[in-house]
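Order of writing sets the labels: A, B, C, D and E. Residues in every chain begin at 1.
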Amino acid sequence: MSLQLERVGRTFAGKPAVQDVSFRAEPGEIIGLLGTSGCGKSTLLRAISGLDNAYDGVIEINGKKVNGIQKTTGFMFQEPRLLPWLNVLDNVTFGLEGNREEKQKKAGRYLESVGLAGNEILYPKQLSGGMAQRVAIARALATSPEILLLDEPFSALDAFTKMQLQDLLLEVWRSYRSTMVLVTHDVDEAAYLCDRIIVLRGQPGTVEREIAITESRPRERGSSELAAYKAEILASLDLTTETA
Amino acid sequence: SSSASSEGTPEKIRLDYAYYSPTSLVLKKFGWAEEEFEEEGIEIEWALSQGSNKALEFLNSDSVDFGSTAGAAALMSKANGAPIKNVYIYSKPEWTALVAGKDSDISNLADLKGKKVAATLGTDPYIFLLRAFEAEGVPPKDVEIVNLQHGDGASALTSGQVDAWAGLDPHMARLELESDAELFYRNPDFNTYGFLNVREEFAEKHPDYVNRVINVYEKARKWVQDNPEEAAKLLAEEAEIKEEVAVKQLERNDFSEPVPGEVQREALVEAGKVLQESETIDPEANIEELTDELIDPSFAEETISE
Amino acid sequence: MAKNQSEVSGIFTAGSKSKPSAAKPKNPFTHPLLLGSIFPLLLVVVWEVLSRLEVFPAYQLPAPSVILGTIAGMAEDGTLWGHVFITSYRVLMGFLLGTAAAVVLGSLVGFYKHAEALFDPLIQAFRSIPSLAWVPLFILWMGIGEPSKIAMIAVGVFFPVYLNIVSGIGGVDRKLIEVGKMYGLNMFQLVRRIILPASLPSFLVGLRSGLGLGWMFVVAAELMGASQGLGYLLVVGQNTLAPETIIASIVLFAVIGKLSDWILKKLETRTLHWQDRAAKS
Amino acid sequence: MAKNQSEVSGIFTAGSKSKPSAAKPKNPFTHPLLLGSIFPLLLVVVWEVLSRLEVFPAYQLPAPSVILGTIAGMAEDGTLWGHVFITSYRVLMGFLLGTAAAVVLGSLVGFYKHAEALFDPLIQAFRSIPSLAWVPLFILWMGIGEPSKIAMIAVGVFFPVYLNIVSGIGGVDRKLIEVGKMYGLNMFQLVRRIILPASLPSFLVGLRSGLGLGWMFVVAAELMGASQGLGYLLVVGQNTLAPETIIASIVLFAVIGKLSDWILKKLETRTLHWQDRAAKS
Amino acid sequence: MSLQLERVGRTFAGKPAVQDVSFRAEPGEIIGLLGTSGCGKSTLLRAISGLDNAYDGVIEINGKKVNGIQKTTGFMFQEPRLLPWLNVLDNVTFGLEGNREEKQKKAGRYLESVGLAGNEILYPKQLSGGMAQRVAIARALATSPEILLLDEPFSALDAFTKMQLQDLLLEVWRSYRSTMVLVTHDVDEAAYLCDRIIVLRGQPGTVEREIAITESRPRERGSSELAAYKAEILASLDLTTETA
């Protein structure tokens, strides 16, 4: 599915949080959204998801202006947002449809992929921060949404688990060709995963640059091509002119 | 919903019973009403009245056809437009008197000046108290009347929080027996009699059945008169009070005159005046007229003279 | 639908294009006050009409106009204010007393395992004793003066407040309590600075429940030798078989009860503005 | 002090060295049941002694042994079970009815702005009307049969449940509701799968409050022509000046009320095990 | 203050989460705690903080066995844990003592340092993820604790804000010489900030290696020395033998 933002902005109680953001994601494209803390990345994802309708501008999915939540959109929030009264397995099956057994099998598969096999019956309060985040990832991926919004999905993970899950994400992408919008602070991650990177800056946030990464997949981590992209992204993020 | 299916035969007859009407207890116990109407397939339904006001609520909401109350209560309800009439006197009770504690120095009404007296506003003991004041020439405002429910008045008296109490049986009987309380002012004529009331609608539609209910009530009344000891036992059992209390309570009931008439009329008019003075009944209301409307001796006269 | 509630909806609509959800104009017909009056008005009108048609005879249920007349009459001769004032005073005092007791005991029980084991069973047992049942006991213990009336109302207020406090404290997120502990708060400070604000929603519901029960306990309280008050009015009305007095007292209970609850509700919206609630649709 | 509550404290103590806090042995003197009996026992003993010393004369406040005798007597002649059964039945039915109504109305009001504006004011006004005041109205509307008694109890149950549901729904974290919305839940599913579990703590307190009030409303309910039941027993006791009957009925109210509350409390601990609570000290 | 752990372990409901951890922090030392997700890092910090007493082994502060919470210990949790009923400023003053004005001045200073000046009156629900984390950092630093426990303090921040705050942390360290234990997944960060790094591994987590970083401060980011340390840390974190 394609996704199009046209001059999207959002104002909270008179104070603009993000302004004039326009970009287009072709079906199956992975868009990276980078920017300083508080520049409006999460706000944009909320607007795209349909949870927030009070934005300015136009958001179109498949060329049709949308208003409200689409069933085909998945959202992994910045916090894990697990339901505290459900155990790990039930949290993952939460969004699934079908009969109980199928759901549990599917959830079990994803839990294994995120390295949590054997923790099915734990409740959220018994999880470590990274484990909770991985449950949230499993929950978001399990529904195979056509548009997937990811808000710093790997922020609480150690370097190696992170890499595994990045590859998991690409695997899912290969199977379902979901269109993804990925918010991240990890420049390596952005360079490794994304087709295009939108760099936001300022408060209110505006689009600073758009960087297309033409490198074909599978990419090699630490390759000199990616390093060059990384440098470019870092340069556009540089704070010499601003401090917040 | 009326219990009358058509003119003539009611589908069922709904009676109340109350611990202050021993006759009703006897009637219910022996099933004479059921017996009487069984052949016609008329069902008898019993409802317990916890006090005159409940019995009147039941009557007014068409939940019972016959309800037992104190005469004054029936009058007050009538003053508010309740469509009821009194057709029968189940007893002439001396159920209220003025009570003082065991070692109290109160021996007559004049001693009450400046003291606290417990009474339940609007009920027979309250009327009794006011009529007593009037009769003895004590101005009511010299006395502090504390509004307490009957039972609470009794305990307030025994715990010394009030100096006297316009009592009501069986509380009064129990107090006499257990804490040697004294009835320092009595006057059976200031009580307003035990009225059996019927809904006007029922009386109009089924006058014969009113007569027949009075008939079974008569049977019960006579049984009580003939078997005072067993009646006391029955009362004690039903109301879960001590037998001595029941005996005392029954002693103070006069079951001899079941037909409402001039005495009741007078008692009610007097009570009505007292109630008007305390603005419990609309001062504009014509008490005599109301009383006449309320008391309808014709049924009892017809039945009992037979 | 999911408009974020932390913003003032009027402000950001100025600059925005005509978004249906963003620029929703206030519909005058759906103003809360107006909507809220529909049912009461309907009730009164239907009742009046039915009374006039004598579907409800006056000895059963007098017409609203008659009730209003009764209340107006009481207002004129001044007795109304006495009734309302003394009852409100009793409820207020009982409310304060009951709340204070509930806060103390509720905090103890909410906090200390042993206090819970010690007090909670008895309190839970007392909770289901009807107000009327307390009357003779209170007369015995405290006589028939003002104190026993206020204490009786306090009993009614106590239970819901207590229950909500205990459960509120139990429901406070461990994570926040730990923050307080890390900053070296003692038990008392922990209650004041973490537990109380965190369990405030529950506490406020308890207060509102308790206040409601306080009004209900007024009748039992005023059975104890009162010569004024709404409960007194009700009982006298029942004893003297005067439906207009009964209904008038019910109406007064409803109106004043609603007013007192409204104050607490205002307090609730004031103090809970920080809650991250979903906007209602 | 801050021992994490999600673990079973017995399990990890086996392998650990003698840590005072980790290996706390169960002190038999602080067993909850034992602690919980202290006050009731004390109460009964003091009361018995005072009665024997005739500080309380029997016609005011009979001794516990007398009360027990009264209850035992009722148990022997079989009347006790009738009273207890019929009242429990009425409370149960009223509880179910009142809860059902509260869930429906509470969900509506908790969810829809307009429903709140429409219903809430009236409900809040009715909330402070005492049970006794309803009696004549219920007799009028529903007669004196079982339905009016059950409806009366349902009224008592309704208000606290309603209040807690509305506030519980209001307090549900927006973040969790959004999760539900993202997974395409409709209004009904949202209630069942997010709102209800999330507001469960509040709902359960409402149920417990409501049940308590249900027991309280029994007296008013059984004023409506009942000839059996605990409320009937109480009123008869008051009308025939039988303190032992009054107190016996109070004791029965307390015991059965406590039992019914205990069931709800068990339910509470069962269903709320997922809460991340701080352990009590 | 010195801090010593001796064979510390923690078992949850029969399942060991972390075992046999021993290390010593000299006064003023900054210890890095690294390891895969779920290996018990947060659990260890909770034990050190005194919030959790049910651990095995011995924890000593200044040579004295501790039990319970020390007033001189500060803890920045893995989640921001802001008090939702307090605005940003009041959240930061929460742990401070003294008169109102002083507290607010101090809090204001720290808020400025974390780049949140001007956001004092916002409530937690109005903050972005990174902003909330920065408020938590300000709150933890403002009390100048002698022992400071930091659980992934910069995980939700963009690269540049992160660097600024790392330097802020060092500044605080220079003024107060706090002993710090820092949990992080960012290997660069660990190399830049720490004097010693403890690498945990496995489930239950055990100490895999201890790496001392002798490089003197101020260190230069991206210097070859730090790069060497980074490689060493990464090697010890490597997951070739395990998957979870």
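By definition in this document, a contact is a pair of C-beta atoms (placed from the backbone, for glycine too) under 8 Å apart; a residue touches a chain by one contact, two chains touch by 3 or more.
Just so you know, these numbers come straight off a predicted model, no measurement behind them.
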item: Touching chain B and also chain C, the following chains; value: D
item: Number of steps on the shortest touching-chain route linking chain B and chain E; value: 2
item: Most extensive contact between chains (C-beta pair count); value: C-D
item: Separation of mean Cα positions, chain C and chain A [Å, integer]; value: 47
item: Euclidean distance of C-alpha centroids - chain C vs chain D, Å; value: 18
item: Separation of chain B from chain D, taking each centre as the mean of its C-alpha atoms, in whole Å; value: 39
item: Centroid distance [mean C-alpha coordinates] between chain B and chain A, Å; value: 82
item: Where chain C touches two or more other chains, by residue; value: 1-2, 4, 6, 60, 136, 140, 174-175, 178, 181, 235, 238, 243, 275-276
item: For chain B, residues contacting two or more additional chains; value: 60-61, 149, 151-152, 155, 159
item: Residues of chain E whose C-beta touches two or more other chains; value: 12, 51, 69, 79, 125-126
item: In the complex, chain A residues that touch chain D; value: 49, 51, 69, 71, 73-75, 77, 79, 81, 83-86, 94-95, 123-126, 143
item: Residue numbers on chain C that touch chain D, as the complex places them; value: 1-2, 4-5, 30-40, 43, 60-61, 110-114, 116-122, 124-133, 136-137, 140, 159-160, 163-164, 167, 170-175, 177-178, 181, 201-202, 204-205, 208-209, 211-213, 215-219, 231, 234-235, 238, 243, 246, 249-250, 253-258, 260-262, 265, 275-278, 280-281
item: Chain D to chain B touching residues, read off their complex; value: 57-60, 135-136, 139-140, 143-144, 223, 225-227, 232, 235-236, 238-243, 245
item: Contacting residues of chain C [partner chain E, same complex]; value: 6, 175-176, 178-179, 181-184, 193-194, 197-198, 200, 274-276
item: Interface residues, chain B side, partner chain D - complex; value: 1, 19, 46-51, 54, 57-58, 60-64, 149-152, 154-155, 158-159, 170-171, 174-175, 178-179, 239-241
